[in-house]
Amino acid sequence: MTGAAARGTRRWREGAIEAVLFLSASVGVVTTVGIIVVLAVETFEFFVQVSPLEFLTGSVWSAMIRPYAFGVIPLVVSTLMIALIALAIAVPLGLLAAVYLAEYASTRTRDMLKPILELLAGIPTIVLGFFAITVVSPALKATVLPSLGPFSALAAGIVVGLLVLPVIASLSEDAMRAVPRTLREGSLALGATSFETIRKVVFPAALSGVMASIILAMSRAVGETMAVLLAAGTNPTLTLDPRDSVQTMTAFIVQVSLGDTPQQSIQFKSLFAVGATLFAMTLALNLLSDWLVRRFRNVYE
Amino acid sequence: MSVLARAATTPRFEPALMRRRLSGTIFYGACLAAIGITLLAIVILLYDIFTRGLTHLDLNFLTGVPSRIPARAGVAPAFVGSLQLGILLAVIAFPLGVGAAVYLEEYTRASRLNRLLRTNIANLAGVPSIVYGIFGLALFVRALGLGYTLFAAALTLALLILPVVIISTMEAIRAVPASQREAAYALGATRWQVVRGAVLPAAAPGIMTGIILAMARAIGETAPLILIGAVTFVTYLPQPFDGGYTVLPIQVYSWAARFQPAFQEISATAIIVLLALLVLLNVLAIVVRVRLSRHLQW
Amino acid sequence: MVSDLREGIALTETTTTTSASDPRARIHLAVDRPDGHSDDHDTVVEFRGVSCYYGAFRAVRDVTLSVPRHEVTAIIGPSGSGKSTLLRAINRMNDLVPTARTEGAVVFDGLDIYAPGVDAVEVRRRVGMVFQKPNPFPKSIYENVAFGPRVNGFRGDLDELVERSLRRAALWDEVKDKLRSSALALSGGQQQRVCIARAIATEPEVVLMDEPCSALDPRATLQIEELMRELSERYTIVIVTHNMQQAARASDMTAFITMDEARAGYLVEVAPTLKMFTNPEDRLTEDYISGRFG
């Protein structure tokens, strides 16, 4: 084969390979577009029958029982309530754990503890839901809340808190470890204690990463399904009392598909509308988290 | 007061060392307590599951099929379903994920297209798994007419773990030193030859670890599978392209959702099987990484 | 015209060089010609007004230089003066940097390798490179040496090619029993010789070496320098080094490059090595060689 011909074949082959690789990379874009299109189309069909205003501002949700009502506020409030309870647990525990791992622990201790955190992160959510109904709920009932029913937002929130704890601990630890040694040394050399250095120097420097981790944890909590389905139940009332049984957006979606709901029915369509709301919320939280990191990230020389 | 403080004249400091050190100690205690509580929670969880479920773990359970009578129920269809699903989705996600990662790391490094694709993947990684279930329902089950089959589930979950596979593969590729690429280019290799001959072999441990861990994550998923029609009472071994199927997490859910203690026990037993499978996969990931990186010494 | 770049690598026995093999005799011959070129050796690579840019920054300014065939040419100069950039212009490795741009012509075998239509991949088969820090692939010794021929579509006896390359790199006797073992298990000097064997396995005409001994101990360094001398009988060697003693010991021709006020590298002087180090023409050269700067 002469040089020119070999060049040609090689160029063609390289081009073909690059095209195949480009297609692989574009699967991601296709997926995103696909998700948005599917949600948008079905939600639009839903809005033909139920007005967007009623959906977004209505405070009664009754999709399966007549009279039907499709106000999504109860679902959203329940989701947020559980997410906030989860954060109330995960943020203090996670941050303290992160500080310990980043600032106090020896390398050997860290090497032992980090895999355990990974273990917690790897537990399937259904297992945590099981934990909620077999241990957490009964424990709450036996100790502080004797009148607690089998389902409660509180039990769900506690368990989801355990679920997202590794997110906060891991990402916050990374953010704190990224703070350069010289900053810490400067503080200590001025006569500050370890605790003061953490409080006044390391933590503020890592703040953007910490905040981003909290927002990401909230996003995870909002998107969680099985744990809240088992622990909180399917009662779509609008309430702010964590002792009540509530239904999150995700739990409703599952409820519809578990049943024998016909695919053209309004209930089935409402699944997509709720899904779209969920998607929009988590997307907003994720973008907020990204923005926080980009905007407030300290650049160290 | 320490000796130094007494000797100082102007300006005068009141270091209050004891109080400050006390706060530090309290804080340190709080950190330890946080770690302790977390560990305690994990221990209680595992203890509860094992005490509840271990008694039912026998050969009958592993080879039997679900039954209305808890004592006779088995987990074989779910177990086989999980295995089939895991392997199928890994096979689908692997070429797509590695191909995309190679494209992003080796072919378009600094361009705007690259940034767009990477932002897109990062966003996809944060989408709740149930939304993937909705998408899979609309696309694979309905639009493409695949029906409620294991194959549709594998496609859906492959999409779910794709961002994670791409990100971990990109990191593995990035860890390959530039000098390896330079050596290959200098020998007259084309870009693809450099990738295939020098970059991918060196990145292999990280890539394989990434896909195995992603597979483990997908096997633990429940919600998307409910959406795309995994059935909760399956008494036969599933055919991937054909009929109904179930997987371990779904089986766990369906038993746990009946609040009778007997069912909760076998739910725990199913959890033990699921956790064992996940532990095995994690161990496999470590073994693969160690064996493949024996030849690498950067 | 474009020489026909063959797909297969034919086994060629090089003709014995007409010059005397005694290095001192060669330099003596060259000194007779004050322009530094001996008629016995034609030019294999020629820079014609070459400038190299990284974006807006000019790293190399307007270099015109002829590299004689079958000799060792050393490029010396203070660090940051663009020596490596100049070297990498010969095998178009600068192309891998997105903002890099080369102006002027680099003529190899009668053809400007930067002309449109010239494939860099083919240039790199014919111009080999050895790097500062030994960078063997994490594969066996055999696989390392065979890599270049394989990607370039070698049709022939690969075992024989690998053995021949390892012999020419003065490594065969040390590794012939462990060809399938990992190249990373070898010492630094041995790894660098694997890299040399790997580079010459594609049968290049020119071998570029970018400070090949800076990561090696003195004994390994001397081995590589002796090897360069042997290799120059078959290949043309161009070496960048910051070690002047090495340049004086091991090269036939030396080119001195330094930075101007804009930090662009330019060619100050090129001469046979003996003349460069005993009687340089330019004041700057003399200052550098006597250690007054750089």
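Think of it as A, B and C in the order they're written, each chain with its own count starting at 1.
By our rule, contacts are C-beta pairs under 8 Å (C-beta built on N, C-alpha and C of every residue); 3 or more make two chains touch, one makes a residue touch a chain.
The structure presented is a predicted model; accordingly, all values stated were derived computationally and were not measured.
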Q. Drawing the touching chains as a network, do you get a line, a ring, a star, a complete graph or other?
A. complete
Q) When the mean CA coordinate of each chain is compared with the mean CA coordinate of the whole protein, which chain is closest? A) B
(Q) Please tell me the distance, in whole Å, between the geometric centres of chain A and chain B computed from their C-alpha atoms. (A) 15
Q. CA centre of chain A versus CA centre of chain C: separation in Å?
A. 56
Q. What whole-number Å value describes the gap between the mean CA coordinates of chain B and chain C?
A. 49
Q: Quick one: which residues in chain B touch 2 or more of the other chains?
A: 190
Q: Give the residues of chain A that touch two or more other chains, as numbers and ranges in rising order.
A: 10
**Q.** Two or more partner chains touched - positions in chain C
**A.** 121-122
Q | Footprint of chain A on chain B - complex, ascending | A | 15, 20-21, 23-24, 27-28, 30-35, 37-39, 41-42, 44-45, 48-49, 52, 95-100, 102-104, 107, 117, 120-124, 126-132, 134-135, 137-139, 142, 159, 162-163, 166, 190-192, 216-217, 220-223, 226-227, 229, 249, 252-253, 256-257, 259, 264, 267-268, 271, 274-275, 278, 282
(Q) Can you tell me which positions in chain B touch chain C when the two form their complex? (A) 109-110, 177, 179-180, 182-190, 193, 197-198, 201-202, 295-297
Q | chain C residues touching chain A - in the complex, by the definition given at the top | A | 2, 4-7, 119, 121-122, 153
Q. How about chain A: which of its residues touch chain C in the complex?
A. 1-3, 6-7, 10
(Q) Show me the residue ranges of chain A that touch chain B in the complex, using the header's touch definition. (A) 10, 13-14, 17-18, 20-29, 31-32, 34-35, 38-39, 42, 92-94, 96-97, 99-100, 104, 113, 116-117, 119-120, 122-131, 133-135, 150, 162, 165, 191, 193-196, 198, 216, 219, 222-226, 230, 250, 253-254, 257-258, 263, 271-272, 275, 278-279, 282-283, 286-287, 290
